[in-house]
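The structures come next, written out as structure tokens.
Next come two complexes, and both contain chain A; in the first it sits with chain B, in the second with chain C.
And then the complex of A and B:
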């Protein structure tokens, strides 16, 4: 059985205008899970439930062996949390924040904090109110990373960052990943960021998890076929395919996407008299959009 | 160090944090309060009145400032997520907020109350020993009002509701000032040259102490029922 850093089982939360439904999510120890969803899909609610900051109505949540939200204080001793809407105290300096966090977390690594400060081009004596958004995010990330957490939860940390700041943040995360015992949950709307650092992918939409799995397997099983369909031939409906419905009726060139790619599919198309012009891998963004759209339309075969 | 599920070391750190951020405003309030006491003791009825108004205004303002800065701004400035990411439970957060607020408010309140009662005790012109029970009841009312605003601020975390609580307590303060000064037992001894602690003044203080206890208890109770913290 896999060692899990966190597990959400049948979790639900109801608000007047939003419902998180029967959510199941496992974060294996040492994994980096990319949590992708649109605005309002339920990413932040899920993360807040995981942190114990929002109480779930249904199901169970266990984080680092602690039942949430009751044992949140114990769980948070080994957790780091950075969210896009988290702010530090404007009137205080980064040095004050570091001293404060150090007094709370005995695991605080000052040498690592100094390294991150240099890398992020931050100054300890600088008041937070003078920092740009990117610098504030980096400061928050420094405070989370230097406490050496077992579980790092990042809620859209790269949102609103300029390309250089994003690169610096992602580089720091890549380094954090090098510690194989550290588990990371990284939520984002930016699939490129997630693709770079994650080994597990979970898509959430309208309060439901629509796909979840290993990133490599994920990318491997998704393919796009470009088909040349002669007049009179029809595209066979193969398992896991989406797309024939979106092609104009009677068009010769058809695009079909599958999430259960096998080489035997090529033979099936050829047997139907169709020429496979190209088989292309999909980016995570394309997979996400296709997954969400297909769930919306119920188009998966 | 924990007792009954509360990590007091962490609570202490959170209390210190609020003290740190309030240290400069607190120094300003204390300096202005010292000036108010100076005016009260200056010897004339006019300066005594001006000093009293300044002290009451300062205490009411300090209460409002504290709740807005340490409770409401924690949410509006989005630092609540930072605090709640620390290894604390909502109960520890509530305990720390109440302790920080009560201590930050109580220290200047006690200093200014002791100072003003001492000035009244010296029986300077324009003031009298008979005024001490009335002053104690009124100053205690300010503490009750502060606890009410704090309770509303913590439970609602809403700027709107907190402002409504501030307006309500300020209107009530005027009512209490008028009502208490017109109570026969209070009015008959207020202008006297002796301090008279009768059943009315002691009863009013008792009610005020009970209200403080109820408000603090209610804050813990309603905070404990919350399911969403950010």
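And then the complex of A and C:
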């Protein structure tokens, strides 16, 4: 990929109780990247570095061709940001916010704002303080989307939304990238949302990126084997395999998960006298949990 | 307009497989006419709220199977004589074999017993056919 909306190279940031280590992340133009991690894994810090809100200690960050944080003013003209703790003025109305943003950003698209307002069921005349959490998220998203930013960065946009609102938000995000010059990075705890709309997936844990890649390849690489291991046979250790800790020694039925699946593994098990009963794909949630747990146990082969 | 394709969460199969299957069904019944243009990858991604890369993969596989045709820089089209069957059966077989293996394990059927059952079923089918 040569055309990148953003690139983080060897980025690090040290806090007294948290260290972000050697972060490498590329956001290809026109793509959606899903950023998954537990609470405190470093998602928000990474996003804030990308936005120029937090200054990194090591490495380089380039956003829309601008070096961050020095050139953040230039980059931010074309960036939209929505986070959980959005600072909208509680006493002001949505209309006031729209007018304010329109006065700052010449790319503001009022017709699109009106469309989104209708679709999100929002009223321009309502003060922010009277809105529910879901309505506030949608209002903030509207304010970001109607600017038609080149790069949209969203920190947990679907957290705490009801199913209908989540559906509306995901649809609006996909609509934004109908124009292939636009790019989205969004963090989420909801692996289903990420699995649905992401082209690229990145897992972060304890300040490090633990997995990253094209979603389709990613889901293809992971498989769960259900093995029938006759007495006397032992399970060969194949590349990328990890036992999820449910195989007591000597048990006949074994479950093995791999992140480097190849059909040749079936032959390898059969050669060891083992019957492969099933090969199952994993959901993104299962992959994430397995990745984090196996790193914790150091169990990856 | 093409959001009549529906991804089923409870289906369990990868999203790209579901999309391929539904496109084939649309073509088979003529909703997507032969030789006609089909939505671009990005258009379909937006209308289904599914990632571009997933639709891209479905289109690539459909192209490989001869169901759709993509010429560089032009919109994809339904093939004039789309091949709607061959791979379906192979994929179905793979799926069912896995299921059979799973069920056999569930009821504790031995490897040999399972083989015998498969033999019987094959013989039975031969007898039934004229």
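The rule we apply is simple: the second predicted complex is superposed on the first by the 297 of 301 C-alpha atoms of A that agree within 3 Å, B and C clash if a C-alpha of one lies under 4 Å from a C-alpha of the other, contacts with A are read in each partner's own complex, and residues count from 1 in each chain.
The definition used in the following text is that contacts are C-beta pairs under 8 Å (C-beta built on N, C-alpha and C of every residue); 3 or more make two chains touch, one makes a residue touch a chain.
Note that this is a predicted model, so its numbers are computed, not measured.
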Worksheet item: Is A:206 contacted by the first partner chain B, the second partner chain C, both or neither?
Response: neither
Practice prompt. Using the touch definition from the top, say if A:126 reaches chain B (first), chain C (second), both or neither.
Written response: neither
Worksheet item: Thinking of the overlay built on chain A, is A:48 touched by chain B (first), by chain C (second), by both, or by neither?
Response: first
Practice prompt. Considering only the touch criterion stated at the top, classify A:104 as touching first (chain B), second (chain C), both, or neither.
Written response: first
Discussion item. For A:215 in the superposed arrangement: first (chain B), second (chain C), both or neither?
Written reply: second
Discussion item. By the touch definition at the top of the document, which applies to A:170: first (chain B), second (chain C), both, or neither?
Written reply: second
Worksheet entry | Footprint of chain A on chain C - complex, ascending | 7, 9, 14-16, 42-43, 45-46, 49-54, 57, 98, 101-102, 104-105, 111
Worksheet item: For chain A, which residues are in contact with chain C within the complex?
Response: 30-32, 167, 170-171, 174-175, 177-178, 180, 192, 196-200, 214-216, 219, 226, 228, 253, 275-279, 281
Worksheet, complete the sentence: Per the touch rule, the chain A residues reaching chain B in their complex are 48, 51, 53-55, 72-77, 79-81, 83, 85-92, 96, 100, 103-105, 140, 144
Item to complete: Write out the stretch or stretches of chain B touching chain A in their complex.
Response: 7, 10, 13, 17, 20-21, 77-79, 81-82, 84-89, 92, 227-230
